[in-house]
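Sharing a structure with you now.
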Amino acid sequence: MDRVIETHRLSKVYRRGVYALRDVSLQIDKGEFVFLTGPSGAGKSTLLRLLLCEERPSDGRLTVSGRNLDELRPREVQAYRRTIGFVFQDFKLIPRMTVLENVSFVLRVLGLSSVQQRRRTFQVLKWVGLQHRMNAYPQDLSGGEQQRIAIARALVNDPALVLADEPTGNLDPDLSLEIMNLFREINARGTTVLVATHDRELIRQVGRRAISLDQGHVTEVM
Amino acid sequence: MDRVIETHRLSKVYRRGVYALRDVSLQIDKGEFVFLTGPSGAGKSTLLRLLLCEERPSDGRLTVSGRNLDELRPREVQAYRRTIGFVFQDFKLIPRMTVLENVSFVLRVLGLSSVQQRRRTFQVLKWVGLQHRMNAYPQDLSGGEQQRIAIARALVNDPALVLADEPTGNLDPDLSLEIMNLFREINARGTTVLVATHDRELIRQVGRRAISLDQGHVTEVM
Amino acid sequence: MGALAYSLEQALLSLWRGRGASLLSIATITLALFVLGAFLLVTLNVQRLVGAWRGSAELSIYLQDEATPAERTAVEHLLDASPFVAAHDYVSKSQAEKRFAALFPDLAGLSGEPAGNPFPASIEVRLRSGPGTEGAVDALAGRLRAAAGVSDVRYDRRWIDRLVTLAGIVGAVGLLLVTVLSVAGALSVAIVVRLALFARRDEVEIMRLVGAPLSYIRGPFVTEGLLHGGVGALIAIGLLLAGLVAVRAEYGLAVQAALGLAPIWLLPLRLCGLVVVGGMVVGGIGGLVAAWSSR
Amino acid sequence: MGALAYSLEQALLSLWRGRGASLLSIATITLALFVLGAFLLVTLNVQRLVGAWRGSAELSIYLQDEATPAERTAVEHLLDASPFVAAHDYVSKSQAEKRFAALFPDLAGLSGEPAGNPFPASIEVRLRSGPGTEGAVDALAGRLRAAAGVSDVRYDRRWIDRLVTLAGIVGAVGLLLVTVLSVAGALSVAIVVRLALFARRDEVEIMRLVGAPLSYIRGPFVTEGLLHGGVGALIAIGLLLAGLVAVRAEYGLAVQAALGLAPIWLLPLRLCGLVVVGGMVVGGIGGLVAAWSSR
C-alpha cells in the first residue's frame, strides 16, 4: 500500500528549547483514518503544522506522498497546501469575507468557474448544516458554527489528505458524531484523514486507529 | 437568598432578524453553580455576552445583583466588568503581552502593588498548571494552554461572579475535570459560577444544575 | 488571468470596504504629489522669469547735452559691433521729458522751469543673455563711459546679480524640498500600504495557509498601491490646475504689471504625465514591498 | 496615577516593540515639521532680506561737472529737509574714477585719456523705508532732477518693485505650502495613530471586555501620539539646525557678497518652541481622536 505520511525521528524545538516533538517516527497509509490524541500541550497541533509546512522540522525527516516537505520551494509549498484540507484549531476564517466567499475562495484559486464554485460550496455547507448562514460574516456566527465553516472549507476541494486539529472542540456530542461520519464518508472515497482530538469518547465511537502523543513522544499506537 | 442573575422575557435579535435568544426568563442565586448547555448556535454565548454588557438586550430585562445592566453608563460598565471573571470561547488573550502580563493586568487595573500582582498571578497560574510558561506569549502556547490562561485570568481577581464560555473545549477529559474542580472550589468560597458547555459527560460528572437552551428558548432546567 | 482579475476585484473591494483608510491614504499621496508638482511648477516659472529678466537686462547710456550727432553715431557703431547687444534705442531729450511727465504728471510743471529741459538724451540698449555676457558687458560699459559725448553709463548689474542669487537660493531650497517631499511621499505610501497590510495580515496569513498562489496573495496589494497612487496623482493634478487658475485670476494682472513681463503660467503635459506615472510607480512599489515583506 | 504611569510605560513599550512602525511614524512627523519649519525659516529670512534691501534703497544724484559748491549745498539742504532721507554721501569726480578703476582694473588706462575724467561727481542717498516712502521719494527725485547743477537722478525703484513682488509671490506660495503641509502633518499623525490603533484594535477590545478603566485604554494612545510628535519635532529641529549650518557654510560668503548685505541666519527660539509644542499637540490630538474613535 502507498505511504502517505511518513516521519522518521522527527523533532521540533521551539524557541527557549521547548521540545514539542521528540523523535517521532510513524507511518500513515493511503486511505487510512487515524486519530491523534494526547493531553494538552502533547504536540498534536505541532505535528499537523509540520505537515502543512507552517513550521519546519528541527530534526528528522518528514515525507508526504514520498516528497520531503523540507525541500519544497515557496511556490511548491502553496501548490502542496492546495492538495490538503486543513481544519485549524482556531478556525482561521477571513473576517472580511462572507461564509460563502471563505469557502469558495479555495475553489476560485483552483480556477473553477463561478457556477461550479457556487454549486460545490453550497453542497459542503449543506453537509455541515449551515447553508442558511452563507451570507453571514464569520464574526456573526457562534463558535460551533465557525468551526463547521472551517470544516466545510477543508473539504470543499476534495483533498487527497484531510488534516483536522480538534475539529469538534466547540460542537456538542451529536454534532461531533455527525461531523465524524462526514469524515468517514470522505475517507470511504479514498481520502486519507488525520484528526487530532482529545475526545476519547469520540475515538471510541468512531473506532479507528489512534496514535497517542505525550510531551512530544509517541506513547501508544492503537 | 440573594438573586445574582435575573432575566425576564429576555430577547436578543441580531442583524437580519436572527433571533439568538427569545423570551428567556431565568434566575440564578448567589453561590449557585449552574451549567448552560445546548447545541451549537443555541444562544449560550449570546446570553453570556449580554451578562458582560458586550451586547445590549433587544427586549426584556436583565439584572445582575439587582442592577439593570441596560442602564449602566460606560464608566460603570467597566467597573462592573471588573467584578466579573469571564472565560471567552475564543480566549481573547492579548498577543503583545506575556502570559504573566495578560493575567496580572487585571490586578494592575485594580491598583494592587506589583508584589501582590506577582504573587496572586503565580498562584492562579499554578492552579491551571502553567506556571512554567509564564514568560511565553499566547501565540506560542497550544490551544489547551491558551484556554487555561484565559481561565486563570478570569479567576485572578477573586470575582463575585464567574462566567465561562466553553472553558474546556480544547482540554482533554482529565484536565477538564480538574478545571471543573477548580470552579467548584471557587464556588465553595461563595462565588457564583455559570458555565456554558456542550460536554454532557462533564455536566454529569460534576452533577450540578443545568439550564438547556435550544434555538434561543429555554428547553429544560435540571 | 484569474489572479489578475482577482487582484483588481479585491483591490477595488478593499478600496470600497476600507473607504476611510483608503481616503486617508489617497489624500496623503495627493498631498505629496501636489506639493511636489507645485514646487516643480514654481521653480519652473521662477527660472523662466529670471531668464526673461536677464534677457531684458538694460544698459542705459546718457549723452551729454552737448554731444554731437557724430558722437552719438560713434557710440551706436560701438554698440552694433558688440555681439552681446540685441537692440538699441535712441531717446531724445524731449522724449525723456515726455516720459517723465507721463510717469509723474503732478511734477510736470516743476521740470521745465529754470534751466530748460533737464533730462539727458540717452540710448537704451537691450542685451542678449548668454555665457560670458556679464564680463563682456562690464568691459563694454567701461569703453562706452570713456567715449566722447557720453555723460554716464548705467548697467543694472548689481540688481540682476541679486536676483540671480535669490533665484539660485530659491531653486536650491526648492530642490531640497522636492527631494524631502519625494521621500515623504514614498514614506507615506509605504505607511499606507503597511496600514492596509496590517489591517489584513491575518487574512494574508490565512490565504498562505490554505494554499493560495503567491500571485493571489500579493496581487491585490500591488494593485491597491497602484490604484491609490494613480487616483492620488489625478486629484493632485486637478488641484494644481485649480490652484494655477486661481492664482492667475487673483494675481495675474498685478504680477504682470509689476514685473513688466507676462509670467509663464504653464502646467506642462510632461509634468502631468510625470506626476501620474510617478504616483503609480511609487504606489505600486509601496504595495509590492509591503506584500513581499509579509513574511 | 496608576493610569498615568501605565500609559507612559505602555507607550514606551509600544514605541520599542513596534520600532519599525514607530520609526516610520516619527519620520513622517519629522518630515512634516521639518518642511514646515524650513518654510517658516526661508520666508522669515527672505522677508527680512527684502526689508533690509528696501531700507538700503539708494537714490543717486549725478552732478554736472560745472556745478558750483553752492549748488551742491542747495541739493544737500533739499535732502536734509526730507524725512525719508537717512543719510547722504558726496562722491567727488576723482573718487568716482578711483572706484571705477578699482572695479575694472583692466579698463583703468582707457578712462582718463581723451577728455580728462569722464565720471560725474554724485551724491549717494540712503533712504529710510516706511509707509508712503515710495511716492514721496518719487516726488523728491523729480524736485532734485529739476535742481540747478544736477545732471541726473537715478532711483532704483523698478528693481525694488520687482523684488517686492517676487518676495510677495514667494511668501504667498510659502503660506499656501505651509497650510498644505500642516494639513499633511496632521493627516500623517492621524494615519500613524490609526495604524497603531489598527495594530492593536483587538487588544483594545479585549481590555474593554476585561473591565479596564477608560483611562487605561485611551491613555497609552494619547501618550504615544505625544511621544511621536515630540520626538519628531526634536529631530526636525536638529535637521533644521544642521541644514542651516550647512547652507551657511556652503553659500554664506557668496550670498553675502552678491547681496551686499549679511543675510539673517536665524533659527529663532520661538520657532523651535512652536515646532515642539505643535508636534506634541498634533500628535496628542491624533492619539486622542484615534483612541476615542475606538468604538
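The letters A, B, C and D name the chains in turn, as written, and every chain counts its residues from 1.
Assume a residue touches a chain if its C-beta (ideal position, glycine included) is under 8 Å from a C-beta of that chain, and two chains touch if they have at least 3 such contacts.
Just so it is clear, the structure is predicted and the values come from calculations on it, not from any experiment.
J.: Spell out the chains that contact subunit A while also contacting subunit B.
T.: Touching subunit A and subunit B alike: no chains returned.
J.: From the centre of subunit D, which other chain's Cα mean sits the farthest off?
T.: Between subunit D and the rest, the longest centre separation is with A.
J.: Hey, how far is the Cα centre of subunit B from the one of subunit C, in Å?
T.: 67
J.: With chain centres taken as the means of their Cα atoms, state the distance from subunit A to subunit C in Å.
T.: Chain centroid spacing, subunit A to subunit C, equals 64 Å.
J.: Which subunit C residues reach two or more other chains?
T.: none
J.: Spell out, as numbers or ranges, the residues of subunit A touching 2 or more other chains.
T.: In subunit A, no residue touches at least two other chains, as defined above.
J.: Is the way these chains touch best called a line, a ring, a star, complete, or other?
T.: Per interface graph, the chains form a ring.
J.: Which chains touch, pair by pair?
T.: A-B, A-C, B-D, C-D
J.: Residues of subunit C touching subunit A in their complex?
T.: Residues in contact with subunit A: 2, 6, 17, 200, 202-203, 205-214, 216.
J.: Which residues of subunit B touch subunit D once you look at their complex with the stated criterion?
T.: Listed in rising order, the residues are 52, 54, 74-75, 78-84, 86, 88, 92-96, 105-106, 108-109, 111, 153.
J.: Which stretch or stretches of subunit A touch subunit B in the complex?
T.: 14-16, 18, 37-41, 44-46, 89-90, 136, 140-145, 147-148, 165-166, 169-175, 198-201
J.: Per the contact definition, I'd like the list of subunit C residues that touch subunit D in the complex.
T.: 21, 24-25, 27-28, 31-32, 34-35, 38, 42, 46, 53, 62, 100, 104, 106-107, 110-111, 113-115, 118-120, 138-139, 142-143, 145-146, 148, 150-152, 154, 156, 158-159, 161-166, 169-170, 172-173, 176-177, 180-181, 183-184, 187-188, 190-192, 194-195, 198-199, 243, 247, 251, 254-255, 258-260
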